[in-house]
Each structure stands twice: as structure tokens, then as C-alpha cells.
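Reviewing the structure listed below.
Each chain carries a letter (A, B, C, D, E and F) given by its place in the written order, and its residues are counted from 1.
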Amino acid sequence: MIEMGNTTVLCAASVEEQVPRWMQGRGSGWVTAEYDMLPRATSSRRSRDRDSGRTASRSQEIQRLIGRSLRAATDLKALGERAVYLDCDVLQADGGTRTAAITGAFVALQLALESLVSAQKLDSIPLVCSIAAISVGLSNDNLLLDLDYSEDSTADADFNIVMTDAGSVVEFQGTAEGNPFPRQRVGEVLSLAARGLEPLFAAQRAALG
Amino acid sequence: MIEMGNTTVLCAASVEEQVPRWMQGRGSGWVTAEYDMLPRATSSRRSRDRDSGRTASRSQEIQRLIGRSLRAATDLKALGERAVYLDCDVLQADGGTRTAAITGAFVALQLALESLVSAQKLDSIPLVCSIAAISVGLSNDNLLLDLDYSEDSTADADFNIVMTDAGSVVEFQGTAEGNPFPRQRVGEVLSLAARGLEPLFAAQRAALG
Amino acid sequence: MIEMGNTTVLCAASVEEQVPRWMQGRGSGWVTAEYDMLPRATSSRRSRDRDSGRTASRSQEIQRLIGRSLRAATDLKALGERAVYLDCDVLQADGGTRTAAITGAFVALQLALESLVSAQKLDSIPLVCSIAAISVGLSNDNLLLDLDYSEDSTADADFNIVMTDAGSVVEFQGTAEGNPFPRQRVGEVLSLAARGLEPLFAAQRAALG
Amino acid sequence: MIEMGNTTVLCAASVEEQVPRWMQGRGSGWVTAEYDMLPRATSSRRSRDRDSGRTASRSQEIQRLIGRSLRAATDLKALGERAVYLDCDVLQADGGTRTAAITGAFVALQLALESLVSAQKLDSIPLVCSIAAISVGLSNDNLLLDLDYSEDSTADADFNIVMTDAGSVVEFQGTAEGNPFPRQRVGEVLSLAARGLEPLFAAQRAALG
Amino acid sequence: MIEMGNTTVLCAASVEEQVPRWMQGRGSGWVTAEYDMLPRATSSRRSRDRDSGRTASRSQEIQRLIGRSLRAATDLKALGERAVYLDCDVLQADGGTRTAAITGAFVALQLALESLVSAQKLDSIPLVCSIAAISVGLSNDNLLLDLDYSEDSTADADFNIVMTDAGSVVEFQGTAEGNPFPRQRVGEVLSLAARGLEPLFAAQRAALG
Amino acid sequence: MIEMGNTTVLCAASVEEQVPRWMQGRGSGWVTAEYDMLPRATSSRRSRDRDSGRTASRSQEIQRLIGRSLRAATDLKALGERAVYLDCDVLQADGGTRTAAITGAFVALQLALESLVSAQKLDSIPLVCSIAAISVGLSNDNLLLDLDYSEDSTADADFNIVMTDAGSVVEFQGTAEGNPFPRQRVGEVLSLAARGLEPLFAAQRAALG
């Protein structure tokens, strides 16, 4: 369970000893994620996806981002024909749920992989790097780290950055909510994100002992 | 209809004189997009979304991107309580369908808004800027504009950039498919994209007469 | 959040100032429940209902039971044309999730109704009694209170009892999993349940201050 | 086809020579039920479940009850890896459809099992007892057997009882629709049900020749 | 309930005092049909449509045919803004279910319209003609009326004809299952159908008193 | 792509080297069709089927007709255990989309079968005849070939005819939209259709070289 400010996300990893059918026979593993919110994670109740039979498109976009990011950190060949499912369920939401989910899911993923090593199913942990994620907002020409919901909803632009602990970029998304932003801003955003991720990597290391 | 290389996307705009229910009463308009591929747009046939009752998650991610980008170009207040639906249907796909869809949908949007002015429903075209989109790939340490399918599937990183004709950024997405990429690359990607968008803006202006 | 042994259920009440359409105009309120489990609440991962577009039939049976039980405790006329939605989400499951959900949901319901009184929307709390629930198992001719998962799965018969704090029965369900049980057992089950519910009513009173 | 008062239920058993996938390889059989109502079984037309793609939650609760009850009467090991599907379709409804369905489905089940014996697929009929079901209502402090729709909708409490012909209980469900009922009532309900079931067991024996 | 050979179809008409939303405000009525089969209507059990959430395409084609045919017999203007729903549920199927459904549904429709006249909601029965339906098969160069299932499945061509009691054609469908059939056959088919429909019209008149 | 007047249908054939599961092991092939319209094929936008998760019943009726017609032209035994999927997507609709789809799909089918011969998977093209389709309308007692949308919507009766190039009938459907039509008309309809199909067969031969 990861808590960042008032945002609480429960991240759990489950290992299956087979990959989805479309991947079978390639000798490679798979890492994927599911993201959902409890109906009362936000201040007003939202209905459950099961009522419509469809994963909300926002949830789909987020879980695709989580899955892509974690696959980038994993050596899928070394994982072998296994799948790891990462369930990220938001119990309480106050901004930054997708970045909190990625940061927490990495911890769950590593713990699951460690248990495969303990069970002697793998020789070593098939991770190529550590990753964590953070959001940056552009508001009144100021860049702010890790916005809460009220800051986020008034920002001019919103950035989500997934990086490795070596400072390389795994995923970068920037969206102008109000006015388009100048190209020069992008470099500043990445530098600020790199600094903001340092305590998150430290917290991951602490959680992983 | 927009053709870029072997990619063909049919973009059509439809105006409704009311906004979706959740937006009613705010005195503001709405612009949204739907994206789909015909089953034989790709070299192997894919099944229709109607069979599963779900929009493919890739399509949802893309149509959310198209919608966000076009809303950024539109003065929704000036549009009034109307909705514009942009249907982007890929007849033939060879890489870059999402960026072709945005570039083509902008033309369809402007034509639809012009027809509202002609019909004297609006005094002036409620657009704040022109937008177009392009993809950039990082492959063997080289940056390439507008990858086709075979280039795209072997790239190390994939970038989609939506910009205004003044060179500001509306949306920027970068994903490491293979190794994470250095932060410094991002500035080069944006410069290359800006140059690559110039002929697309020219083509839009030509299409719009 | 209610914890009973290793079972943890998050119960949240949400008030809406209108009833479902089919109840409108009767001058009466409505209380209903939704029940779900997180995918990893159990030791092996189960898929989310949203993937099938259907609430699992077990969940439907349970949420109908929760809803009926709480409506029995509520003066729906006095509630007025309002609806209370009780979300019971199982974070961790080790037997007795339905009875834990009812016991916890009653607390959430009372807190929600108290907030309506505080907000001067109601003069007094529209509850006619307190309710709580407990399970009893018949195993090798012995009756056991509140079985955990491993006890439950080997029991010959399984009983779920919802009672008021005055000892009357709101709902009683008994199912023979193995051999049918003699009629005489039913009286003993109810007495045992009544005794087992005493500490639960005490815990509810403590939680409600 | 079973008729009780104005309630008519068509019960049909179908044998498949394999069990559902999740049961395969256990050397044991399966008995399950589906319950539905024709749109005009009730006085006002209700829409078909196929329109919503969901089995109504009431139907699910009932078909789970029918399935559990019939499995309790069956020696699943002796049945072998076969499944029996019991389709209970209500042509006309006037109260007591679930108890009529159980009573009728037992006859259909026994006939299907007899045909397996005739076909020399089984040596003997794998039933451990006969079962039948009846409803009891508590109305103005009076207990009444087998309520019709108008009696049922005004009752204070509603009981459904499934028993064996030896008088043991397979399933017992009691629900307070109005005031909670005293524990002492439960014993009287069971005695009344046992008496009321006698003619039903006689009718089953007559139907089975 | 209509029985033709071993085919049994339950036809029921339900009147609603409003038309579907898309027809409102035109001062005209609507007649539509739903067609379904019970799972055990055929010799091998088929699963219920509600499990897939989709009306089987064969059922949709048939219910569209039933609806079109009955609307052709009805003066929709004279019916006023009311809708008649015809539920045709096949209890037992042995060929010719669609034609039996049309013939039976016409009787149900007329009875429902007569009840509107009795209730003084209409001055006269808004029917312009009587209709009935029959199937014809071409097998080994012979034309046969009203095939049962085994005849139907071996026929070279299959015709369904809906006619008025004056001998005009409301709907005609002919399908080559094996070899295409010569154009000249069509006239013979229509003459044979007209003769075959005479006893059906007589039976309708008898049922309607 | 087939254009008839203002109607444009994109027809594409895809070969799979296996038949659907229910046909496996019979040594016979399968030909089937899917039909859909783009949202803006008609003058007012219609929503996509994927939103409802159901193929519109009109589309289902049409794609069943296309599939039946093309199977009648194919020697399924000679095709072997292969399936051909024909995707008919209407880009622009102005009447006669179903007949245009059949006529165009036949060309796509033959091209796909020719490519199987070229790839030496088949010795000869497994077609037993050429087919094409045309519509006829009865309007003010006049028969008209190939109605456009405005003619079609005011016709008294509407006929769709699928014939072989030898003049035999594969499928014939006639529907009275207004008054029932006399039996004698049917012969005239078929003669007119046969004449109208001649230029279509010529165009097919031209397209097939």
C-alpha cells in the first residue's frame, strides 16, 4: 500500500506460471497492470465499471501506462514464460494516482520477483533498473511537483514522468490543459522531476529492505 | 480524407446543437473524437470492437488524445452549447495513424466551424490556433520523422507531438520501447517535430483554401 | 473499515438527494448496497467483474442480502426521498465477508444518517433498530461461531443470521453443504448467534461513540 | 411442467457428458439450474434479460438456490463426470415460483437420471433423497402456507424451505419484509412447512410413476 | 398458444400507452415483436441469449420479419400513440417456428386490439387485413408445404410467405440452400402457399370467435 | 471498393487457414460476411455499434444475407477447411447498400480465391457460379431498378434479388412497406432484376480482368 499525501493506492502483484495466449511460445514473459478506483475514493461517489461492463477509458489509459512502464524495467526474456499482474486499486484519491500507482507497483513487482528467486524458480531478479513516477504541473508560469487534486484541476499543463534511478526517461507525457506551452519548458520539467523522484527511490529502497 | 504515406484516415466532423448531458448549462461547447480501424486496415484482419462490446483500449487512448488536442485548439466558450464529433476511421494503416488523425481532424473541425459561420449560427470561427501532429522515432541513436509500421515496431523510443502553428506544444508523449532514453534527447525531438510539421500546416492551409 | 479476524471490509455510505427512478413520487427513501472484492482479497487472484460486464452472481446475492437487512433497520418513510448507497469492498477475505459487511455497513449507514441530522436535513435519525450479522457453521455435529475460510469450506451446514440488538431476526439463511440437517438444530443456531452478536453490537456502539 | 395454483413452471433437464471446465478431472459430476420468466408471465410485461446482457439479480439468487438444493439431493461422485442442467422457465407467475421450480426440477432431474440408468451409463440412480420446497408467510401474526402474489406482497416475513422426504432441512431462508420476527417463530415455520410438503412429495411420486 | 405439428409457440400481446421515444409526436402507433426459444425447445439444449447479452442474429432476423408483417396488417395512424409488443416464445420447435409465430401473433394482436375497443380507447379495430404465414420447401424438384425440421434441413430451397386473407403478398423470402432455383418456380410457390394458408385463416377465425 | 450512384462500399476478403470451431473436422470450408456503416455514411451521424456492444439488427440481417448468397456461389467442399471473411464497410450510403455489398463482395471473394490458386493451395477456383444483386422498388404501381434513398423510403414494396449469371435465383426477398402487393407482380420483378443485373455482371468481369 502506497500513500502519497491523501492519495492511497493498494498495489498487489500476482504471478501466473503462463503468459496470455497471444504471447505463448515466444520464450518471453509478460508484465501487465489493472487500475481501478473504489466508488468512494473521490469526494463524490462514482459508479463501478462492472455496471457498464467497460473499463473507464481513463482507467484504461492509466493501466496501459503502468504496464508499459513496468515492462520497461523488466527483463522479459529472463522472466521466462510467466506473467505478473499488478493490481493498483485506489482507496483514496487526491491527485497523482497514476504516478503513485507506478511507484508502488514497482515495489510489488520486485517483491514478487524476489519470491520467485526464493522459490528457486529464477536465478536472479529479472529487473534492469528501478523506476518511479511523479507529476509536475505548470500553473501561472510556475512549475510545481506532485499536485493534489485542487492544484491539478487548475493547472495550465500537466506532466507525468516515469524515470529510472539513473535518471533516464521511460515515459514522458505532457498535456496543455489551458494554453499550449513553450518547447523550452520541457527541459525544466524533466530536471524538476528528476529531483522530485530522489526521495521516492529512497522510499522504495527502504520498503524493499 | 487524409493520406500520409500508406496510411489513409477518413476524418468527418458532425455538429450537434447540444452538448452531452454532463456538460449542459455551463454555456460552453464540447469537441470530442472517435477513432476506429476497419478490420482490414492492417495486413492481418482484426475483429471489430462491436463483437466484444468494448472499444479497444488502444483506440480509447488514441481518441482521448485526439479529443484533448482539438479542444486545446478550440475556444469552447465561443462555440456555445454545441458539440462537434470527429470520426477518424482508418481505412489503411502503415504507422502514424494517430498523428494523421489529428492533422486531418483539425481540417474537418475547421470546415464544420466555417459552416456554422456560413449558417450564421456563429459570428466567427472559434479556433485559437491551428494544430497538427507528427511522430518521431529514436532508432539506433538516430531520430526519424514519421515512421512507417516496420520502422515503428523496431524503434527504441516513440514520440508523438501535437503542436500549434506558432510552435507551442499541445501534447507531448514519449515512450521507451527498448532502453530508457536520456533526458537531453527530448529537446532534439521537439525541434525535429517542429520542422516536420511545417509541410503539414501548409497542406492544411491548402485543403482549407 | 471493519476487521474481523483476517477479513477486512471497507464500508462507505453515500447519500443522494433523490431515489432511483422507479421509486420516485412515493415519498419514501431507499437504502441499497454494492459488494465487491478486490482481485487479491483471496489467496489466488480472481478477475474483475468489469471484464465480464456482470456482477458475479455470488456478489449479487450478497449485496441483495446487505440491502434487505439495512432497509429492515431503516424507517424509509422518515428518510424521505433520499437514497443511501453502501459500498462494501472486501480488501482481504478469510470467511464471513457478508456478515462483516452487514455489521460494518450498519455503522456507515448510521454515520451518514447522523450527518443528515447535523446538516438539519432530518430531525432525527431514521433507524428503527440496530442490526448486526454473524455466521454459524455445523461441523462434525458441533456448532461454531464465525468460521474462517478453511473451517467454512469443510462445514456440513452454513448459517448466516442478521438480528436486531433486541434479539429479533431480520434474515436467516441456512444451507446444507453436506448432509441435510435436522429441524431441531435451527433453534440452537439462533441462540448461539444471539450470544455471538453481543460483542459485535458493543463494538458498533463504541465505533459510533 | 409443474402447476401450483396459477403458477406454471416448465422444468427440463439436459445431461451433458462433461462437466464445466473448472470441475474437470475431479471424478465428480455437477448439477446446476437456470431460472427465467417469460416477459408476460406476470401481469405487466417485463423486458427480457438478453436486452441488458445480464441475468436479473433476483433470477440469479433463485437459480443459485435451485442448483444448491438439487446438488444436495444428488450423489455427485456416483454421477461421474457429467453435468445436468435444469432449465426452469416460468410461463405464468402467481407467487411461489422458486419453490415450484425446485419441486418440479427434482422430478425432471430424477427422470434424466433414470434415462442414464436405462441407457446403461449408470448402474443406479445417484440420488440420496427426494427434495421438495414450499413457502410460508407470516401475516398479521398468522403463518400461511404457499402464498400467492397478493398475499406474498403484504406478508411481514417470507420463508422458503427446502426439505427432504425424511423431514431434514436442505435450505432455509427467512426474510423480514416488515418487522423483524421473534426467534421462536422459526420452529413453527419448519413444522408447518414439513406438513405442507407431504402432498408435494406424493405428487412427485405420482409423476415419477 | 399456437401448435402446428410438433411446433408450439406462445404468443402474447402487450399494449403500452406510449410509443418508443424515437416515434413520439408523430401521432402514429407502433407494433413490434420479440422472438425467442426456450433452451430445450430443440432436441439439443442451446444456451440462453442473456448469457451473451445479444439476441441471436437468427432471432433478430425473425423478429424483424414478424414485426414488419404485423405492421403491414395494422392501421398505425388509427392505433394512435400506442405500442403493441408481441412476444413469441417457442416452447417446442420442429420446423416452421417463424411462420407459426406470425400466424399466432396475429391472433394475439387482434385480441389485444379488441380489448382496446372494449375499454373504449378505440372506436374500431385498427386492422386493414388478416395475415398468416406458411413455409414451402423445394426438395428433389418437389414443392412441399410446411416442412418439419428434418425435411427443412435437406431442402434445396426454403420459402417463407406472409399473405393477407385476400391473397396479396406481405412478405416473400426465398433462399437457395443448395442449387439456385429457376425464376419460374416462384409463381408455383406463391400459388401453393395461398392454398396452404386457407386452413390457417380458418383456424384464426375460429380462435377469434 | 464498389460505387453505385452515391453509395460506396469497401469490400475486403480475408482468408484464414481454419474454419470456425463449430465447423471443424467436416472437411468443408466456410464463407461469411460482416457488414457495417461508418458513423457518417448517412446524412445524419449514427453511433457506432461498439458503444452498445451489439451489431445493429439491420446489419445482422444484411450480413446474414451476404454470407448466405456468397456461400451459394462457392463450392465449400473444394475450398477445404478454410474460412473466407468478407468485410463490407459502407463509407457512403444512398440506397442499395446491401445489394452493392453482395456484388462487390463477390469480386473480393473471387480475387481471394484466385490468390489461393496462385499460392498453389488450391488447384482451381472453387466457385460454382457468379452472383450479383440488385434492388427493385414498386412505387405508384411502377417497378424501378436500384432505388436511391429517397425513392426507397417512399416505395410501396421493396425487393432484393440475388441471381447467378445464368439467371437462376439465389435469394429473393420482397417486403410490402405500404399495401400488400399482388402475387402476379413477383414474376415481373424477377424479369426486371435479371435485365438490371447484366451490366453488373459485366462490371464484375471487367474488375476481375
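Just so we're on the same page, contacts are C-beta pairs under 8 Å (C-beta built on N, C-alpha and C of every residue); 3 or more make two chains touch, one makes a residue touch a chain.
The chain lineup, named per UniProt: A, B, C, D, E, F = Ribonuclease PH.
Everything quoted here is computed from the prediction, not taken from an experiment.
Counting hops only between chains that touch, chain C (Ribonuclease PH) reaches chain E (Ribonuclease PH) in a minimum of 2.
In terms of the stated touch criterion, chain A (Ribonuclease PH) and chain C (Ribonuclease PH) have no partners in common.
Using the mean of the Cα atoms as each chain's centre, the chain most removed from chain E (Ribonuclease PH) is A.
Although chain C (Ribonuclease PH) and chain D (Ribonuclease PH) share one sequence, what matters here is the overlap of their interface residues, and that overlap exceeds half of the numbers used. Distance from the chain B (Ribonuclease PH) centre to the chain E (Ribonuclease PH) centre is 49 Å, each centre being the mean of its Cα atoms.
Annotation: 25 Å between the Cα-based centres of chain E (Ribonuclease PH) and chain F (Ribonuclease PH). Chain E (Ribonuclease PH) has its Cα centroid 57 Å from the Cα centroid of chain A (Ribonuclease PH). Residue positions of chain E (Ribonuclease PH) with contacts to 2 or more other chains are 53-55.
The chains touch one another in a closed ring; read from chain D (Ribonuclease PH) in the direction of chain E (Ribonuclease PH), their sequence is D, E, F, B, A, C. On the side of chain A (Ribonuclease PH), the complex with chain B (Ribonuclease PH) involves touching residues 53-55, 57-58, 60-61, 63-64, 68, 72, 129, 163-164, 166-176, 179-183, 185-187, 190-191, 194.
Residues 10, 12, 14, 16, 34, 36, 38-40, 44-45, 48-55, 85, 87, 89, 91 of chain E (Ribonuclease PH) touch chain D (Ribonuclease PH) in their complex.
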